[in-house]
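What follows is chain A paired twice: with chain B in the first complex and chain C in the second.
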Partner chain A sequence: MKKQYAFYIDAERCIGCFTCAMACKNQYHQPETVIWRQVYPIKAEIYPHRERAFYSLACNHCENPTCLNVCPVVAYSKREADGIVIHDQEKCIGCGNCIRSCPYGVPRYNPVLKKAEKCSFCWQRIDAGLKPQCVQSCPVEALQIVDLATFDKPDAVQYPPGFPKYPKLNPSVRFLVPRLPKIIGREDI
Partner chain B sequence: MTESNNTLGTQVGKCPLSRRKFLKCLLAAGAVATMPCGLLRPMSSRAEEIVYEGGYEFFRNACPRNCYDTCSIKTSVKDGVIQFIEGATESTFTRGGLCVKGYGYTRRPYSPDRIKYPMVQEGRGTGNWKRVSWDEAMERISKKLLEIHDKDGTLLGLALSKYSGNFGITNYGVEGMMTSLGYTTRLTGTPCWPAGIDAQNFDMGDMWCNDPEDMVDARYIIAWGANPAWNSVHSVKYLYAARDRGAKIVVIDPILTQMAAKADEYWQVKTSADGALALGMARYILDNDLYDKDWVAANSIGFNAFAEYLKNNVTVAWAAKESGIPAESIVKVAQEFATAKPATIWIGYGLQRHVNGGATVRAIDALVAMTGNVGKTGGGARYGHLQTWGFNYHALLQKQPEGAKGVPGKAEVKGDFTFTSDDAAVDYSDRILNINKTAQVILDADDPPIRLLWVSCKNPFSQDFDRNKMLKAFEKLEMVVTVDQFFNQTVEMSDIVLPVTTLFEEWTINASYWHYWLSLNEQAIEPMYEAKSNIEIAAALSKKMNELRPGSCTFPTEIDTKEWMIKEFNQGVYDLFGIKSWEDLRNGPVKAKMHPASWVDLKFKTPSGKYEFKSELAEKWGHKALPEFKAPREKYDKYRLLTPHSKFGIHSQFINLDWSEEFNPKPFVYLHPKLAAEKSIDDGDTVRVSNTYGEVIITAKLSTVVPPDAIVMYEAWFKNNPYNVQNVVDDTSSDMGAFKTGQPGVAIHDQFADVAKV
Partner chain C sequence: MSNLELPLVFFTVLSQTAIGLVIISTLRQWAVDGPTGNIRGEWVTASGLIIAGMVASFFHLGHPLEGYTALKHLDKAWLSREVLGVSIFLGLTVLGMFMARDKISGPVAFGAAIVGLATILFMGMTYSPPSYPAINNVLPLVFFLMTALLLGTSFGSWFASPEKRIWLTRVLAVTLIVGLVVYLIVPCVWLSGGTVMAQTGWAWIGSPLYWARIIIGLVLPLAAVWMTRDVPAWLPTIILIGEIMGRMVFFKDTLHAAGNLGGLY
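Coming up: the complex of A and B.
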């Protein structure tokens, strides 16, 4: 398999602190409503306590990206070297095809520039030998970069409960699911 | 005085304004039309992303907020504008990262909501603000001060409301400014952690926690009322690392916090019953000979009396009944804790914000001490420390003007961050009042009344208790001057507001009360608009005072914030941190050369030099000599009300920023589905939380993380939102705090309220 960078989201370690999401904003200053990385609380049917377990999600840099396939002006490209999916905002005409088509809802409409945009995997930082801002910012190493060509963690999953399954896209993301503590409730109530 | 030359116009000339945040902020501020600089016009017709492009100029900064983590920041600047920030990689504590709050700093200096100029409000609360020059602002204030002086013969009518909004050491120049004007009224003490400080001082003679990085060596960790997953995110990795090495993590908290969700075991303790729980565990450990007899014999006094107390007054069954935690769980964890070596307890600050908070901390300390875990790496009763704060306090230490008068005699000024003492005899003193009863003392103070309140590094309407009482108290004030960055609820009720610099716009130095690192804070950018640092404001005031009446203020009239930062260093600081000069800190933060275990030499600073299970000093201060159980506050309304911190803010800071609103747009009250059902409240309903002090109208969110007998709202200030938890929190004191911080703490979590659908 070719080198393919992926985000590894360890929801067992993740404390839902939103540091990664704000670190991204700190690097790219996206205008209001344009969010590249968001921290989603896991639904109560999956994790019983509200807002206590999370998936931090951004672009999945799919093996077969819908955004790239539907773009009429070839604003999207997938890097040979590491599989990062890049959106070139200069080429973008703001038609919204990618925004409507990505089943993970990743590309967002930038109302100021009237164009689409999405997580770049911080490829400029990667090329400068740095980690993406979100990964570097994580205080508990719950968000990491892995190369799927060599990734070998038997308990990691690609489609944890609550994360939509689109095998044709083959999203470059892996998860560890959260667990519950032993809970000793109060006897008096 | 002259106008600052850092006007918007000169700023613009330095900045490449194609950057989208800059445009957005200026557009939103309505500043574009008035911009004298042609650079703005070509509003980029071509899309331009902000990307990492290298070639940045780096500056060292440090987060100066009241937070465990006090992160070292590396700031990337291009063309005089902050591009992005990161955590300093040199610190093994922050390891290159900040937190959700810290990363919002990139926005803060450029926020369109920032207070840009000195302004005067015609009628408090009207929003009728008018821009004035610094000169006019200083003249208005100075004339008022001279009027007060001439009317009262003292400046006791001037009071300072300041606490932890900016812990940069040079900001103690605000207190210095007060002194340089004369004898004034000071609101002293701390709403934060005083009961626990006294408790640890009675037990050990000081508050001194282990290096948090040594938690990796713990074999057993109890986070007791501490939620580092929200309030000290950089500490969590040490708990995880300890677990990876076999340690068990137990979280004890009324709320199933984020840290609780990540623990091995979580106990939902009944609020304010933690002392009973600790004593129940101690009784089991005593009965089963699981305590460290050698340690107790060699290093403590009063253990036999404590053992007698336990035998006569405490049982596991009683502890279970008081705390709501089943006896078998108490027994199991007590046994595990006593036999794991080393074992540690992280004592959170919320735990002691009760009428029995100090007593509770003493009971927990006793549990750690009797198991021989004090003075050991990976052990300890961790609460906080101030071992790394040995600065010169040059900005603080000013002299009163000659002939100044105040309260006759000597008053002892105490405080958690008061590191200076002067034993010299004096004729006069400041008037010392309780910060935790700010509204009440303003209402009560007479002869002279408090006429002018100066607010800096604090937001009384968000942090002080009983907001409705505060409104009444403010009516009594003749002038309110607030130094701040945003139009918060206190600024709304002020007459004059002065714009203060952000961390990027001044020089200072920052230490932590938790970890052992020291950080330099360099000026990374020119101050935006007309902002000045607190010490520059003091200098400006002094200049005007001396212009109007020579000799009326001793504060220097010209300040270089960098030089004043340098003046805070001394050889002791250099030696402790192993540096030759402050300039070494430009290479990154440094860690104190201290043993990771506090009290490692087992020489306690108590009167006996030992750990004191029985403290005569505690008795002298009106408490029990032993760490006995103290009853909680009587319930005064239907449900317990808890108002802890949010993960998105520290008190009233951060949450108002537009970047933060994106992830946390509005407040909620959290209700257990059982309680909600009792009250026929559905998720998303608008409800009224009310008690005898006031009410909050808010959207309900149903959640099993909160106990079924409690109402939980997180303390915060949202821009354009009247939300304020202090509407329903009173100013009842906690048991301890007066010994070391001058005033008792405040029982923030001993509140009660009812809730109903609106």
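Coming up: the complex of A and C.
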């Protein structure tokens, strides 16, 4: 397998502090409605505990990206070297087809530029030998980058509950599913 | 698609009306005996509709002046193929319009009809992305074909000779019945699907616009055709209003998979 960078989301560690999302905003200063990284609370039907659990999600830099396939102006490209999917705003005409088509809701419409945009995996930082801003900022190291070509963590999953399954796209993301805390009641003693 | 997308509503409905008119006009000319009627007027109308649809489509672009670059990705993107299909269809329809006398030459008429059909296929593929589980299938193509047939036959009645109106009335009646069945059954089938598909089913069923579309766009026209055994002159406008409402439901009340992130799928 070729080198493919991916976000590794340790939902066991994530405390839902939104620092990753804020770090992304601080780095790129997107308009108010444009969000590249979002922290989603896992619903109680999946994680039934009063302490909440979260998935911090951004672009999954899929192996077979829908955004790239549907874009009529070839504004998206996938880097050979590391599999990062990049959106070239110079080419974008703001048709919104990528926004409608990505099942993970990643590309967003920038009402100021009248173009789509999405998480770039901070490729400029990657090229400079740095981590993406969201990964860099996470105070509990719940967000990491991994290379799927060498990644071998047996308890990591690609499609945890609460994350839609699209094998044709093959999203480059891995999760550690949060475990429910062990609750000891009187009857257990 | 969780957003009204009015420019796309008008683009898809108007362009499908134009394609329907051309297909029905071509079939009527060769498949049914009798005088052709006002063929030229029909193709002028089809040209006007496809131009209006294309103009409407530019309003959904952030940068409409760069819209021509949408032809760059023909090898993969259905949207590029759709743009190409609509452009060729426009060219053939305008050519047919200028060549039309009592008849339209076979190659131009059949060429435009076939390109029109292919364009509806491209549109069906463009609007069935994986992000909308309820319509990530053949349904958009079925909806769009139905729009083309309903509006093509009904508007075609304005231009058809009395001898050929009987055939048009029959085609319209059958399409209205099929449309009614499809539009009533589909949201109910969605209810038994996954979370987002079921949510889409409930969103459609709970939408007043959906029921207005059923009554104004399908039931009322069917009753009118049943009672008059003809296509009254006012009927195409009513069906057009129904189709526009139906397309608004399609764009507004079909739910995106990402809307349920963190929940069970």
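Definition applied: the second predicted complex is superposed on the first by the 179 of 189 C-alpha atoms of A that agree within 3 Å, B and C clash if a C-alpha of one lies under 4 Å from a C-alpha of the other, contacts with A are read in each partner's own complex, and residues count from 1 in each chain.
One rule holds for everything that comes next: contacts are C-beta pairs under 8 Å (C-beta built on N, C-alpha and C of every residue); 3 or more make two chains touch, one makes a residue touch a chain.
Being a predicted model, the structure only gives us computed values, none of them experimental.
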Problem - When chain B and chain C are modelled together on chain A, clash or fit - result: fit
Completion exercise
Value for angle(chain B, chain A, chain C) over C-alpha centres, in degrees, nearest 10, is 130
Handout entry: Touched chain A residues, chain B compared with chain C
Key = B
Exercise for the section: Could you say whether A:166 touches chain B, chain C, both of them, or neither, answering first, second, both or neither? Expected result: second
Exercise for the section: Answer with first, second, both or neither: which of chain B and chain C does A:151 touch in the superposed model? Expected result: neither
Practice task
Could you say whether A:16 touches chain B, chain C, both of them, or neither, answering first, second, both or neither?
Solution key: first
Exercise for the section: Could you tell me if A:43 is touching chain B, chain C, both of them or neither one (first, second, both, neither)? Expected result: second
Practice task
In the overlay, answer first, second, both or neither for which of chain B and chain C A:181 touches.
Solution key: first
Practice task
Check whether A:25 is in contact with chain B, with chain C, with both or with neither, and answer first, second, both or neither.
Solution key: first
Handout entry: Touching partner for A:71 - first (chain B), second (chain C), both, neither
Key = second
Handout entry: Distance in angstrom between the closest Cα atoms of chain C and chain B, superposition on A
Key = 11
Handout entry: Intersection of chain A interface sets (partners chain B, chain C)
Key = 92, 113, 115
Problem - Complex interface listing, chain C residues touching chain A - result: 1, 60-64, 66-67, 69-73, 76-80, 83, 126, 129-132, 256-265
Completion exercise
Contacts from chain A onto chain C in the complex sit at residues 40-43, 45-46, 54-55, 57, 66, 68-74, 91-97, 100-106, 109, 113-115, 161-166, 168-169
Practice task
Would you mind writing out the residues of chain A in touch with chain B in their complex?
Solution key: 13, 15-19, 21-23, 25-29, 31-33, 35, 38-39, 48-53, 89-90, 92, 112-113, 115, 117, 120, 122, 124-125, 128, 130, 133, 136-141, 178, 180-189
Practice task
Would you tell me which residues of chain B are touching chain A in their complex?
Solution key: 19-21, 24, 46-47, 49-54, 84-87, 95-101, 103-107, 229-230, 233-234, 236-237, 240, 251, 256, 258-270, 320-321, 324-326, 329, 647-648, 658-660, 662-664, 701-705, 707-709
